[in-house]
């Protein structure tokens, strides 16, 4: 059970209702996921987070799939189950194949290993990297 | 200062020498970075890590730049300075522009925020994601 | 299932019994939580942890609610479910309102984001902060 | 050295200049800290982060000092030096005494210990906490 | 549910079958654990991970039990439930007693506390340690 | 520079002096390390931490070297430079050879990799491990 009960779509009005409608339209989904329904307890955080995500995840120099893969990689490193599941689903919608997922996981694994090797030995930054 | 002194290229023989030559040829660099010179204290780990990285970072369903961006994203989440610097440099060589770097950082930041929002509220995985 | 079975209150004697009694009296609770019942497998760690917590969480320059909020913030950053739930409950007992909880979560989220922005760019400490 | 050079106050125009002016006025400081000068390389992230922080850190049910202490606690748990230094300085401005700092650190330490004790033993959430 | 379905032992052929046989023989177990069955979706990662683990966990200057205890300590610090359970079971097979487990957890707890005390105060490395 | 200035050995009296004397005697060192000198700003935390460490790190079912190796492994996983350096030095005093250090680092690296593989795929705990 979450700390705060997810708000039911039926009960929302005003700002929250507006954002829920926007989420469903933008994401082409018919049900609001638990994350947004939980944030709806705090409309200000709901709005800020939704607006920020729209801005950050929009196509730019990086395409939307690459951004989503990065999101998944961070979520895997932080071991956030909900985030791994929801952003993996999003990445699949945007074109991630099963092979891409496997390669992503392999890179995340290796990066976490070498990050620790570097820190364990306290390797100094090379002069040509400063 | 690192825990173990990086091995000088001049002093290497056998397996380490072979891998150093391979690293310079594959990466098209003239000097061995501190990471590999430090691992050279433990030739088995040097060889295993180099072989594994070659395998994991090779072009597959994901191109080499995308893999490198994922590597950087993990390193940023783990706050590993050496790793951020060396893999950012590698990503630039493979085509990462300044704008791509800025977007990458913005995604890493947002993902770390929403990961914590999810865990803080202990949001439950949606049924359609199970 | 935990790695070690929680000790039943009925079966305790000596040092563990004494601490269990103290916990119930101090916390004004009638049942010993699983955390303490699990630590009871290792009476020395049970005693040390209980004594340390009493000392650290006592009213000082910071009031007991502020200390509890800090405890929750750390637990959220570490994604420790048990810790989030038990210390959120404790914070509520000490006066945390639903609005305070929402603001706490929002701060924890933002701090985790900007922590990563700082580390991603490797921002240098300002001279006036050294 | 940071990954992107901090932007000099002298060279800014438009949106960045406006935000720099706002930062100096709101914070009552005469120089822009490196964090904001580095983010200025990415005006969109600069603006979003500044606006979000203003919103999140404003006085609400929690006073501004308590929010700042929570920010510091997260930064300490994440071992972010820049963040610890800048938010400790901010907390002092808002009234944090040396004794409060010491108590804060002691709570952060204990919370990190018990978080790991809980996870190490895989303690189950008590029924009355669900 | 895992992101990729564990591969059934009945359905494997070729490289995966060979490694499954090796795992059962080396570990003296009759069923392949979910970790290896999940990795079997990506035979290259399965093989690399199994070979690397065999190399790293082999008796060397450190005996196999000490290596396993270190593995558990890392898994506890990362709060990885599966890893804690599987490596605790492995450690027990290699001779870890209940008392050793309790002492291990106590050390992991203390180390996580003092790590944060050090970082919170930004303690400088002593000259004699450089 | 640390957040609080390390207390000079010359200026201590009372409880702090007593503990400093105990540290030097127990550890057979002539100078108090920065960690303890910094904690001396908060005598209560100094005393509690020193007493707790003595208790936790004492020879038990695990010998003192194994405990120290576990301490180092946690510190490496948390990337705490001061902790890695001081506990590596302590481990060397207690008998850790260079080969043992290399094997320790290799295990820490692998454990961090497989921890992430497990979490990335959300591998389910095997029934025989519950």
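The letters A, B, C, D, E and F name the chains in turn, as written, and every chain counts its residues from 1.
Going forward, contacts are C-beta pairs under 8 Å (C-beta built on N, C-alpha and C of every residue); 3 or more make two chains touch, one makes a residue touch a chain.
Since the structure is predicted, the reported quantities are computational estimates derived from the model, not experimental observations.
Trainee: Going only through chains that touch each other, how many steps at minimum separate subunit A from subunit E?
Mentor: 1
Trainee: Please flag the chain sitting at the greatest distance from subunit D, going by CA centroids.
Mentor: The most distant chain relative to subunit D turns out to be E.
Trainee: Same residues or different residues where subunit E meets subunit F? The copies count as same if more than half of the interface numbers are shared.
Mentor: same
Trainee: Distance from the CA centroid of subunit C to that of subunit D, rounded to the nearest Å?
Mentor: 21
Trainee: Can you check how far apart subunit D and subunit F are, centre to centre, with Cα atoms defining each centre and the answer in Å?
Mentor: Distance between chain centres: 27 Å.
Trainee: Got the subunit C residues that touch at least 2 other chains?
Mentor: Within subunit C, the residues that touch at least two other chains are 1, 3-4, 44-45, 49, 52, 56, 77-81, 84-85, 105-106, 108-110, 112-115, 117, 119-122, 130.
Trainee: Given the complex with subunit D, which residues does subunit F contribute to the contact?
Mentor: So the residues of subunit F touching subunit D come out as 3-4, 41-42, 44-45, 49, 78-80.
Trainee: In the complex formed with subunit B, which residues of subunit A make contact?
Mentor: These residues of subunit A touch subunit B: 1-4, 6, 31, 33-35, 38-39, 45, 49, 52-53, 56-57, 60-62, 66-67, 69-71, 73-75, 77-78, 80-83, 85-87, 89, 97, 99-100, 103-104, 106-115, 117-126, 128-130.
Trainee: If we count contacts the way the header does, which residues on subunit E are in touch with subunit B in the complex?
Mentor: Listed in rising order, the residues are 1, 44, 48, 52, 55-56, 130.
Trainee: Where on subunit C does subunit B make contact in their complex?
Mentor: Answer in residue numbers: 76-77, 79, 81, 84-85, 105, 108-110, 112-117, 119-122.
Trainee: Within their complex, state which residues of subunit B touch subunit D.
Mentor: For subunit B paired with subunit D, touching residues are 79, 84-85, 88, 98, 101-102, 105-106, 109.
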